[in-house]
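In the two assemblies presented below, chain A is common to both, partnered first by chain B and then by chain C.
Here is the complex of A and B:
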């Protein structure tokens, strides 16, 4: 019994204090960590692939008009599986190493993205013109046109 | 128990007792029988007592959209022969009554009560037909798992209806453990009937936070979405659920998984087992007041968590499985860290085990407490370390090899003690086995050529195919059954977590004569895993009176707190 207790004390002494002083010193995550969702709006073409695969269904897509597609990401219910990052062929979605996402306000974790899309002359569905110059020509791209929302 | 059976011999044996309406065997490891509903008790008795099958779970399905019937499906396993059998009964929607098999197999009690709650099928002759899953006051004519019930509908609850708890025996006091209790990781309510210091009986009420994950999988999610949701069934051993689910879908659709992906699955599963057992060991020590063991085993566990984060991108919810394979490769530059962490954990854990095994205080709290005999294990269908601690060597990794376990060399740790100490020693032994398996996986990965991680997946998985698969989770065997449906989505997805069987075993372990002080560690020894609570009581000591906060009061309090925080936060923002 006493031998066992002495052994226990020695192990404890050898290990010492292992508790990290977090949050007073930073604790960076490992590379490849699936943390905060970051959207590169310039790369996004509004295909909606991420909304298709999202298991938490936190990505909603609304087509306001033939030219305007709104992608809303309610990241407060995101489960950080990273499927949106997997399926995005344009690398517009990325999950970075930031994990301190706790907040008292849900709107902090909300991303609304308004895309100005061209309309296909054959099927009538919207798409993003591949050329930046063509994108300027899309109705609604400039503020004084039909759509007056903020980009 | 060494009797070898095959699908044909089971069919022959059942035919002798009762006619089989239909049967098919998709492979020599699976068999689905359809029998008349009047014969179900005979068939269950024959399989369970006659052929020594192990009872797994029962699933109910509303198949009115496909063939106009309700279905009850009882699953059995023949562990020594690597065979699983599903016994199906079709019920006419006008006549939803079937014989209960609980009198033959006590472990089927909860499964039948669940089907009764969720599908409205009545089990004639059930010894305890109280509600199990649905909240108190749920409307009586509504059955949430039926296909005509929308997945997001929340009916109003009748606040005056209370759960019919068992009446305590005469001359006993009721001691309530839970829903909140300091030593339980998660809340559940145990009503212990106590005579002095001695427990003479108990009653259980759980399922306070049933999340209806099966319903979501049945009604809205696609195959790959359900896989990531499956992982979130459990907060400690999630990967086992997603692996089991994926394997069930792969079996139903005939998808071949690349060897490399199978090895990675095994490696991650063993990583999960190590962290779960170390977590449990810490909690068990904490429960009996031995906080030294709690601190040290959690210290040893932490590098395992960091390794998991490094390999998969998350400490806990690895999200590494998809139907057909895995998402991330484990390459040569990661081997070194896996080997160094496993080596370090093995060395430190061995030291710790050697130090605490001579601790007489620890032993006296665990030895000869919570006795569970092998016969009771069989009757209740207990699995995992709970069963292996009673000398019953069932382990899905050996009996029904999946992932890469057929390529790996390991032993199934068992112990004959039948008490809490035996269950502890089994878990300690399994940690060392898992470390060994992880190193073998690394060897295998370094030999295998790099290549595809996802198998060939058809554009649309054909409807009405069945698959069932089990994975040996840290707590026991996780069982998933998938019936594929139309629109490339599952039609029915049944999950049985190991605690579902093991918690049913606790009343058996709390034998008359157990001391009240031994109850927490006995509850803890099955490593229970469940969810949330409904009310709490506040005792004001200064004014020496008490009042009860009901659910609505708690919600109001939380909202008030939230608004206050939001206000403060707004002010802080203004100052910036």
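Here is the complex of A and C:
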């Protein structure tokens, strides 16, 4: 009995400490990990490609006027799939390795971009096509539905 | 007093020794549950902070919720919240529990735990890394600072166009009001197939 306990102690001594000292010492994430969404407003042209591919539909685009386009990202429901990063040909969206996103307030997970856009002289149209496939093809103003921004 | 400061004081008074956690799943895909299980292994070891899973909500201090709240689970979740003795903390783990994930507007899902019961701590991620859950715990204990905040960025409007932008915005808002008064708001046929 005592012998086996001593043996256990020795084995435990050999293994050493395996527990991470994590909150007291930093632990960087692995390369390629998709964490926090970072948007570079200077590179973004406001094409809205990311909003079309987002599975959680957390990117909402609203045209306030022919000059102003507002992109709102409700990242509380973001699933960090990285499709917005893949689809952006201007490298404006990047998912970095930051994973420490815990918060006490849901509105902390929110990005709002106000983009100054040029105005197209041809397409002054403004309507919501009936199905999502038609919606991908539309030119002109975009206006996300009121229900989709609910929190 | 900030909410973090409140939680820190609340924790030091009410939960001085250890937090006993009741883990519940209200429609999650088990991804978050597996990460929560990971947190309890010797490698991550949250028992350093005195955290322990218990089998009954009546023994628990903390309700750990994973999953978007499906409509059949809404009433059981309310009963579960009432079963936990006060003072209690509610922690939402995963994108589903925080904001509803891809099911935020689905017909049979409430979409977010905070629409049913008050939530004190949100841990986003799909699923969150075990380290992210430990970070959330440490945030509740007041060991680490909060790192995220709302971001508002944008271009500057050229001053010679400011007047034009203001007029255009006004015209657009007026046209929307006119459009809304023309059509019946209860009729959902215009909203398209997404709804």
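What we mean here is this: the second predicted complex is superposed on the first by the 109 of 151 C-alpha atoms of A that agree within 3 Å, B and C clash if a C-alpha of one lies under 4 Å from a C-alpha of the other, contacts with A are read in each partner's own complex, and residues count from 1 in each chain.
In the analysis below, contacts are C-beta pairs under 8 Å (C-beta built on N, C-alpha and C of every residue); 3 or more make two chains touch, one makes a residue touch a chain.
Predicted model, so just to flag it, every value in this text is computed and none were measured.
K.L.:
By the touch definition at the top of the document, which applies to A:104: first (chain B), second (chain C), both, or neither?
P.N.:
Both chain B and chain C are touched by A:104.
K.L.:
Considering only the touch criterion stated at the top, classify A:68 as touching first (chain B), second (chain C), both, or neither.
P.N.:
second
K.L.:
In the overlaid three-chain picture, which partner chain does A:39 touch, first (chain B) or second (chain C), both, or neither?
P.N.:
It touches chain C, and chain B stays clear.
K.L.:
I'd like to know which partner A:79 touches here: chain B for first, chain C for second, both or neither.
P.N.:
both
K.L.:
For A:27, decide between first (touching chain B), second (touching chain C), both and neither.
P.N.:
A:27 sits against chain C, while chain B stays out of touch.
K.L.:
Of the two partners chain B and chain C, indicate the one touching more residues belonging to chain A.
P.N.:
The larger set of chain A residues in touch belongs to C.
K.L.:
Quick check on my understanding: which residues of chain A belong to both its chain B contact set and its chain C contact set?
P.N.:
In the superposed arrangement, which is not itself an observed complex, chain A uses residues 18, 29, 33, 55, 57, 79-81, 104-105 for both chain B and chain C.
K.L.:
Touching chain A in the complex: which residues of chain B?
P.N.:
220-221, 224-229, 232, 292, 295-296, 299, 302, 306, 309-310, 313-314, 317, 319, 327-328, 351-352, 354-361, 562, 565-566, 569
K.L.:
For a test of understanding, state which residues of chain A touch chain B in their complex under the given definition.
P.N.:
Interface residues on the chain A side: 1, 3-5, 7-8, 10-12, 15, 18, 29-34, 53-55, 57, 79-83, 86, 95, 104-105.
K.L.:
Can you list the residues on chain C that touch chain A in the complex?
P.N.:
Going through chain C, the ones touching chain A are 3-4, 7, 42-45, 48, 95, 98-102, 104-105, 112, 114, 120-126, 128-129, 131-139, 143-144, 146-158, 161, 164-165, 168-169, 171-172, 190-195.
K.L.:
Would you pull the chain A residues touching chain C in the complex into a rising list?
P.N.:
Touch residues, chain A against chain C: 18-20, 22-24, 27, 29, 33, 35-36, 39, 41, 55-58, 63-68, 74-81, 98-116, 128-132, 135, 145, 147-148, 150-151.
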